[in-house]
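Step one of this worksheet: look at the structure below.
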Amino acid sequence: MKTSRSGDGRVTGAPGSTSGSRKDGRPMVIVMAKSASPAEIQAVADRVHKAGGEAFVSRGINRVIIGLVGDIDQFATLNLAGMAGVAQLTRISAKYKLVSREQYPHRSIVEVCGVPIGPDTVTLIAGPCAVETPDQTLAAARMAQSAGATLLRGGAFKPRTSPYAFQGLGERGLRILSDVRAETGLPIVTEVVSTVDIDVVVEHADMLQIGTRNMHNFPLLQAVGSAGKPVMLKRGMNATIEEWLMAAEYIAQRGNLDIVLCERGIRTFETATRNTLDISAVPVVQALSHLPVIVDPSHSGGRRDLVLPLTRAAVVAGADGVIIDVHPEPDVALCDGPQALVAGDMAELGRTIENLTAFMGRKPPSWRETAA
Amino acid sequence: MKTSRSGDGRVTGAPGSTSGSRKDGRPMVIVMAKSASPAEIQAVADRVHKAGGEAFVSRGINRVIIGLVGDIDQFATLNLAGMAGVAQLTRISAKYKLVSREQYPHRSIVEVCGVPIGPDTVTLIAGPCAVETPDQTLAAARMAQSAGATLLRGGAFKPRTSPYAFQGLGERGLRILSDVRAETGLPIVTEVVSTVDIDVVVEHADMLQIGTRNMHNFPLLQAVGSAGKPVMLKRGMNATIEEWLMAAEYIAQRGNLDIVLCERGIRTFETATRNTLDISAVPVVQALSHLPVIVDPSHSGGRRDLVLPLTRAAVVAGADGVIIDVHPEPDVALCDGPQALVAGDMAELGRTIENLTAFMGRKPPSWRETAA
Amino acid sequence: MKTSRSGDGRVTGAPGSTSGSRKDGRPMVIVMAKSASPAEIQAVADRVHKAGGEAFVSRGINRVIIGLVGDIDQFATLNLAGMAGVAQLTRISAKYKLVSREQYPHRSIVEVCGVPIGPDTVTLIAGPCAVETPDQTLAAARMAQSAGATLLRGGAFKPRTSPYAFQGLGERGLRILSDVRAETGLPIVTEVVSTVDIDVVVEHADMLQIGTRNMHNFPLLQAVGSAGKPVMLKRGMNATIEEWLMAAEYIAQRGNLDIVLCERGIRTFETATRNTLDISAVPVVQALSHLPVIVDPSHSGGRRDLVLPLTRAAVVAGADGVIIDVHPEPDVALCDGPQALVAGDMAELGRTIENLTAFMGRKPPSWRETAA
Amino acid sequence: MKTSRSGDGRVTGAPGSTSGSRKDGRPMVIVMAKSASPAEIQAVADRVHKAGGEAFVSRGINRVIIGLVGDIDQFATLNLAGMAGVAQLTRISAKYKLVSREQYPHRSIVEVCGVPIGPDTVTLIAGPCAVETPDQTLAAARMAQSAGATLLRGGAFKPRTSPYAFQGLGERGLRILSDVRAETGLPIVTEVVSTVDIDVVVEHADMLQIGTRNMHNFPLLQAVGSAGKPVMLKRGMNATIEEWLMAAEYIAQRGNLDIVLCERGIRTFETATRNTLDISAVPVVQALSHLPVIVDPSHSGGRRDLVLPLTRAAVVAGADGVIIDVHPEPDVALCDGPQALVAGDMAELGRTIENLTAFMGRKPPSWRETAA
């Protein structure tokens, strides 16, 4: 497994070290109340200076603004917002750094056993939502592969909202996935839901998936950051883009920059779809971060008839890949059957991705080049 | 102006009449509490029968379910949910009818002065957010037209959240639009914000736009339903798809089925974009309604850099058109300048739409055919 | 009808004049990109100066901040955000002024035919959601009055999401309300849904209600601003508090400061209640605006069993009143029966409000004083 | 530590066993499409019968409804929604059982080292958001105790959105809490963020707190379910009430019914407050579940000025307690200082709770009785 950066490779150094982040020189702005006295203004400036920061005081007609530069994380502990005369405090700085595109302007490529995910390709990841049996998993993998998928998804540990729902086969599911990889050659993407399971998952998986309900599970983020495998980080269904990138930063801090972000829909008031796919997140995140971004059309919509149109939308919005549920017999699936594609749909989806990949000026997957 | 239906033309009859809707034969389901007594069950059935409906009582092991068929709107007035022993009441029926695809399976084409919006084409509507001057409007219209736009958008009456923001030129703006139409041949789409202004807007406009903040302004919906012009109905930023279709039903009830729905983003917790474009709404609405659906990438994202990727996404998600802000000098625009496309961007957008229209198996706009 | 201000009466002058608002001296902050050149910084400052504003340039270690003071609404038209080198633009200023507590620190009292709504009292407004018959309306009014209500609510014009739902009795309903006022002495609060109906509503109503779906209906806001009657402005179900106050500003601009704000729940992902009552909005709005704030526990929850606990919560959160649905026979109500209180519940609610009014150090309604 | 139920004690048996839950006899309803053929209807019924369930077919005029009774979790695996002729499938059943009030009608009392939380009392839990030093923690505990708090909150492990924010003192913090308990006698409520830390937290804590970001961390829920200590389960900021109760069911399934639910605000579009306190959740949850419900006014609003009004609202809405941030010097707090109460505010809050506890007909905390 090798990670290349399409750019300048500035990753070298100590990405896990946080010391640099605390002196990042980005500003914070304090707006003083109209009624603020000169002594109150001075007190704010003094507290900042004492903490080693710089305070720039700008006097307007009715009000004073103070710009702060220095260790913004320390400023947060100064409780400036609570000081007399302070009307408002605006933090300008981004709260992430290692995953930021401002720091690393070139978009990254993450490789999973030689399969690239990044700006030059559109990677198709597909497989069953949940691993149920060896036959079902192999059949789904064959469907995926013949449609052009170069990575196999499949859940062995399933986080389920209801304690009465199928929770996955656990380690047995991982062994099934390993067998199917041996059979098909497809590297495996699978979810890890607990730090307790991480060793066994790492043993079998080629890429670790963090699910939407665990995006704010910080110990788990740190654990996968140290696990030595690429990570797919799904967006929390209630997470802002900024929070998502901060979650990625948790992983990056531990020295792992092989992170692929996955947009999978956010929770809104609309109930016609399971979640609302935030298609704008693809270009927005790509402007903010160098990390690759893929889309999960299956789980965002939760409806089979939406998978193909949302996949098309994802590819032309600039997504670096999609991840799709397939199932040989969705009627009897133990998990999310109503959204899984069947064989014919999957083939059509593969052809569509191929066409739109060309439209977007990207390269077809290398397995096809090799095959040709 | 002529409205054709690509299907069976069942629109004939009395679309404004509501009598039919009240005997629509769709069911409602009542679940009785475990503890419900036989007398309570009988009382529910009796009340339904007395109102002329049918009640089907199904006895399960622990509970009884009653299926109701008949005049569901009258059932709503019976307050069945409040009766003793009733645990839950589920309405099965859709709340709209004239705009429903279940009623009219063939997708409609709406024509605006001969320009079609519907399943066979991808219509580009473009122009300035607000009409400011004759020169600015004409320049924007030329930009739009040379990129392939066949309809001109432009706001003369602007609904603005702040009372201190520019509110539009009013009738003067409409006259500018008329002059630009005379110059370019582009039919005009413009917003109406009040029943008071409707006559003057109808005099100039070829298509009436209902903005997001007026989607629940029912008197205005009824007024445009009677105004004899095609209507573009933007989705309320807080409206579910079902509510949006009910708003369209208000227009349809007055005898006007020339309605184009416009998805323009919904309000969510995410603040990186002005609103969250609900791209899934395009296929979802097309499955529920025969009306054409277009997308507004400019206002949903509120950022110029998102207009092109969101336009691509809209077209391949199946949108029947897009509506785009252009401005010859966005730097000095009085309204929403940060999202308006400039000339070069607009040309690129036009070429992109042309390519993706072909990809989707749709026809290029007729002006181009004519020109060829 | 008389409006008093509990404070300094600074309302005198020209509340409808907007000129003052455009030179309000509140700042805007521009953060320049790291890469911004001195020429780009100068260009921003120049554009501001040319527009008559002041630009304060603060140089940090890595970045420059420019504070702007002057006519911020004009700044919005300068499109500074689009200028080369500009990274971010933060508007500090509130977007409303006449309704702002910063301008008028003393909380206002709005009087409706002598009934005060404001900081010294807890006003109970109650009545039927919709006026159906003279008997029903009179019975509901008697229930309301004997529970301590001093204002009668009742809808004659009803904005309904479904075109097939009961739309109200219109002018006939207003005449019923007038008759019930003659009988009971209770002043009338009733909704106006269209500028077309405003004259007839004003003829009968003592207070005009703007419903949640019309909070962004700006022509209607302006019309009630000129109508010479107190206004109750319900919060839009998707409106931020800031937008709500800007809507109030539309009314105030026309010279009418007799505005009572009504929190009635916002739309969220939660479906257990019709809307989510934003109880925090009461103290938040009272800190931002001098206008009275009341709460509608009936429509926010949409469930009868929530009316009493939410009323208690509203009063102790500091609400200046509540507005409650009552119905003599909720089982046959044509509108929102499931949430209407019946006689016994209403009496308990009245006693509870009385007790909590004393707890909050407020005065009982004057009718009771008079009676004593 | 002892858990009593105020009711019939039906908890006896095997609360951790799930077998009972799968044959719960609650119905599911299938609505067949208008066009469904008799063979399609039969096929649905057959599939249900084959799985051991019962299918009740009701024939309406235009449509057929099938009521299902039996093992609904197994039905979910039958993929009935995907069968030919099926238009809609509605699950009637609640998805939780052990925490449901339908199963256990009497509201529960959870005791933490003898301190009750339940329907007869209003328990005040207070302390510092984060444990920083022995002096700060002891001072905060003294402030809490003299205001009437009977449980001490304090965070040693802090889940923070930003990896650059203070993450808590860990085990050292727990030892400080233990020392402060020895000094004051206040039992300790503290958060556990990872299954890895659970043993050390259990060693020191009297009640385990699951934070909002971990409500969907199912392995952690199961771990605290087996840990033998009472649990406070905060609502996920994006969780529906139903999901929250399902999360509680995860804990209950492991044999632990000593669960206190804590409403702490949900994420909405409103930005004036950190989150939107869903005050309606208190009575809604109490109608659905026998578990106690408390409110966190400090974290929902995120503003000191809202703590007192939101606390008052919580108590009269029926909350069984509140949990409050206090800090001897909020100006230098390492975490959430802007919302922490200081000494005077805390004393006022204590008095207010005491008065409203009496108003609600509940008992004062026993420490006061003992003291008297």
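Labels A, B, C and D are assigned to the chains in the order they are written; within every chain, residues are numbered from 1.
Note that in this section a residue touches a chain if its C-beta (ideal position, glycine included) is under 8 Å from a C-beta of that chain, and two chains touch if they have at least 3 such contacts.
Just so you know, these numbers come straight off a predicted model, no measurement behind them.
The greater number of contacting C-beta pairs, out of the two interfaces C-D and B-D, is seen for C-D. Averaged Cα coordinates give chain C a centre that lies 33 Å from the centre of chain D. Inter-chain spacing, taken between the CA centroids of chain B and chain C, is 28 Å.
The mean-CA centres of chain B and chain D are about 41 angstrom from one another, to the nearest whole unit.
Residue numbers of chain A whose C-beta contacts span two or more other chains: 238, 267-269, 271.
Chain contacts in this assembly form a complete graph, since each chain touches every other chain. The touching residues of chain B, when paired with chain D in their complex, are 25-27, 29, 31, 34, 54, 56, 58-63, 65, 67, 69, 88, 90, 92, 267-269, 271.
Chain D contributes residues 18, 21-22, 73, 76-79, 81-83, 95-96, 159-166, 193-197, 213-214, 216-220, 236-238, 243, 246-247, 249-250, 253, 267, 330-334, 337-338 to its touches with chain A in the complex. Across the complex, chain C meets chain D through its residues 238, 240-242, 266, 268-273, 276-284, 287, 300-301, 305-306, 309-310, 312-318, 355-356, 359.
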